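Next, two complexes with chain A in common: one pairs it with chain B, the other with chain C.
== the complex of A and B ==
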């Protein structure tokens, strides 16, 4: 390489910097223009209009909080009343997360480059995962409710299928970042594919699996609550009944919202505790030299 | 200039630094030696305020820097540059941007987010890189450089801070002997030409002897030696490393010449038996 003088390097670098700054300015202007233009278009197509509707945005929460506040002494009774359906909802979510997570784990190992036992199957299996993610849970649930009748099982299957698609993809991204050195080490001693995956890959990535799995659990609680709206049982069914305007049951709706909120908080706190335990081992003071 | 008074840093029951007292009255080059876990890193990290001290004071030009908070603390950190064993650069950014990070304390968050550094700063960054002999790598990503080159980028970032003190935490522990020599010589040149105080943690005795004006030995959090390289006898070194009479200075060496001597000595022994 030819020796460049310092001033030549300075001039070259400044030219690069100037080019980057011009590009950034153009991108910023385009971004702002697109945002403003897109907003105008969307607002024109909206039935009610954004600015007209904006002041009414808080009407529903205000009604809910108002009714709940005026009958606050009834709240704890509602908590007990809706606890069984909450447990049903959590049950649907837990079973579907567990089943979907296990299937997703197997799928993820089959679609990770460098780990997959049958490399040519990676593409087709990834498309399968894409399909599972693309079809909305509510559509699968409606079809299954039509075939199997209403109840928690169709909802569980619908959410589990979506979970396979979602966790399969996330787990395979985690697998890609796993070091292949332990896998090679196990291969050198003559271990089979399942042994290599079970002993070489999964211990490395288990904390990440757990954190994605628990995040999915949270999402699935919400999903199973929504499926209650279409007849899959659980707390969603009660929420639909209490939420309809003009029934004067907003205080019960508020109790259900609070139950869901506390559930999510509990799951979140438990998951961060478990994740810390798994990544750092049990609580022991670490010493920095 | 710099006075460390009874500085203690405890992690639970364990005292990483135990009542350290150091007085430095003029800018010199200091080497801190000791085995791993002796508290060398913690001492430097407390000086830079990356770690908070448990008790004691660090007086610099009449001010106790352990008491600084917020902007005053960040201002102190900008005057007291740190060089790390693993370089701690931003790997995906180019070399000049990494050097310009040395000016972050003086710039607003907004301008640095959009990389709007003044032209004179960019020119100065490239001049510093040129002084360290790596100007031709200026537009490359930091991760594309070798370890020795990355460490020199880290030194350039430190110089960009225009600091009063440069702290170097095992600057050559991840480098091969030749690059180690280049990096240590750069630190020595910075000390001699700019008159900046340099404090370096080193794990080899001969590096400390060769480049430093003053050597401080630490053992289990305590300062057990403080003097000139000449005063550092083999006996003193054994105390610092907690070693017995089989300890020889060359065993801690990464210097090519001393290693060769050691190999030759071993060969002689092998021949005689």
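== the complex of A and C ==
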């Protein structure tokens, strides 16, 4: 190796540092320009400008809070009134998570290398999952509302389809880390594909599945509220109705806001607690080969 | 442990496992049964609109051309999907219509509809000639057979015939023929463009002769499919996702430091920052969208800000967790060289967390493209708005299909792009994972 003097190393190092700094500065400038230009464009295309709207930002919340405050004694009555819709929203989320999770489980086993019963189907089925994941729920929901009429079923199907795509991918990543030894053991005693998966793979991955499923449930609660807003039933639908009524029903809107807020917070906290327990529990109880 | 007790405990374990094996599916089934009743799935069969399904499916891959005769003055007009934008110029017609004092419409397979001076006739092979003479007294339909087949709907003032070849409707004031054809009509050029109906080769030679600009502008300004507007809408949607995601990341980074145990010793500040994150996340995109659209009106700015607010909560939480997992040794090392606090953050902390944060932010970029579509559908903006508009007309299903395909392609491209960027920026550096 050639002899390198300290000064040569230093100049070389400084040159490298300078080059890196220049690159970083250029990236930063480009990024800032994109952000500023983007906001300017978005502002131009918006119906109301940002600076014009800013003073009015708190008007609506103030209206809602003011009306709710002036009729505070009615609030708990509204909570009871909208409880059934809230339950419907939660049911949409739960049923679609469950349905999507079960289908996603089957799909994930079909697209995992080493576990798939029909190896050449892996590629096409993965594309199916990609497409399912890429479609926003609202697209399917709106089309289904046209076909099936309003109500919770279109929302449930729409969210379930998206869930299949999302969970199918995550589950298959989990499956890839599963040990194949139990599967081979089961195969050696003549177990069929279903038995191998059910007895050999699922017990290994169940905690991770559950954890991802809970995270999906959090996401799906929000999605279910949004789909209600475009006519698919549940609390979102009531929210739109009270909102479009305008002043005079803002106290009911406030009640719905609160119900929705607390539901989301409670579900988030519960699920994050459960997920923590699941991952830590599995780390303790898991038997490594 | 003795053999017997071991066996006994194994047996109870097995018993419990077996019970669980039945209980979990049973609970799931019971829940689905409850959902079946609660969502009134049994009544779904009645609510399904077969008519709508048929329109949607056939419209998605085919189009119809309307040939309309005004029965009062005898004038004939031809328009694709019956829209003004798709109307043929006076005297022009597709090759299966021959205009004249008597308009002959060839629906194929020997089905011929004739708009005469007073009579409108439909010659159906294997059935016979249907003659009508619409006027003040009704449509005066004469059928070749005594019994009316189920595909003909005849009354005094209205006759409608639906065959595989097309459809004829005659009322007192109007006679209208629909002819169905495969494909998306006028996708490239509308009828008023000179390039309509040209083959690809001819088009290419025109382009080579210096007409490329004209061809492009005719395509881009297509009134039926509005390619320019659609491109803008897609751009707006991606813009919303971009601004929302990165805006949230910029705001959440300093807030993340405030919420991290090892950087903010003050419990009160930490608590406040965390509650801010919980609040932003808990209020949720839907409510932010509603509140913001009241102030700013519909458009991409509202969507960007709604994404920005929700994600500031999510990012803040994730960033603070990443910051709490930072390795202290690197910071100590930097401190030992006499670095000031800001330098410690810059060289001790930022290099450690950048890969983690970037990968999370880029992951959100893809999911926010979907959110931006949804928010656009709620407030009005981007491709979501075009989609809801097309759906609410309840007849432009070919456009709905087109937009859905575009949305899927857009989201997948954003997914690929963010994955590429992630691998480019992080370069296999799995530090922090």
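Simple rule for what comes next: the second predicted complex is superposed on the first by the 207 of 289 C-alpha atoms of A that agree within 3 Å, B and C clash if a C-alpha of one lies under 4 Å from a C-alpha of the other, contacts with A are read in each partner's own complex, and residues count from 1 in each chain.
In this section, a residue touches a chain if its C-beta (ideal position, glycine included) is under 8 Å from a C-beta of that chain, and two chains touch if they have at least 3 such contacts.
All values derive from a computational prediction rather than experimental measurement.
Contacts of A:53 after superposition on the shared chain: chain C is touched, whereas chain B is not.
By the touch criterion defined above, A:225 reaches chain C but does not reach chain B. Contact with neither chain B nor chain C is seen for A:33 once the two complexes are overlaid on the shared chain. Counting the residues of chain A that each partner touches, chain B and chain C differ, and the larger count belongs to C.
When both complexes are overlaid on chain A, the residue A:268 reaches chain C alone and has no touch with chain B. With both structures placed on the common chain, the touch criterion links A:138 to chain C but leaves chain B unconnected. Across the interface of their complex, chain B is touched by residues 1, 3-4, 6, 9-10, 12-14, 16-17, 20-21, 24, 285-289 of chain A. Chain B contributes residues 11-12, 14, 16, 36-42, 45, 51, 96, 114-116, 119, 122-123, 126-127, 130, 135-136, 138-139 to its touches with chain A in the complex.
Taken in their complex, chain A has these residues touching chain C: 31, 34-35, 38-39, 41-43, 45-50, 53-54, 56-57, 59-61, 88, 91, 94-95, 98-99, 102, 130-131, 134-139, 142-143, 146-149, 151-153, 156, 222, 225-226, 229-230, 236, 239, 243, 257, 260-261, 264-265, 268. Of all residues in chain C, only 28, 31-32, 35, 38-41, 44, 47-49, 52-53, 56, 236, 239-240, 242-243, 246-247, 250, 278, 281-287, 290-292, 294-302, 304, 370-371, 373-374, 377-378, 380-381, 384, 387-388, 391, 394, 400, 404, 407-408, 411-412, 415 touch chain A in the complex they form.
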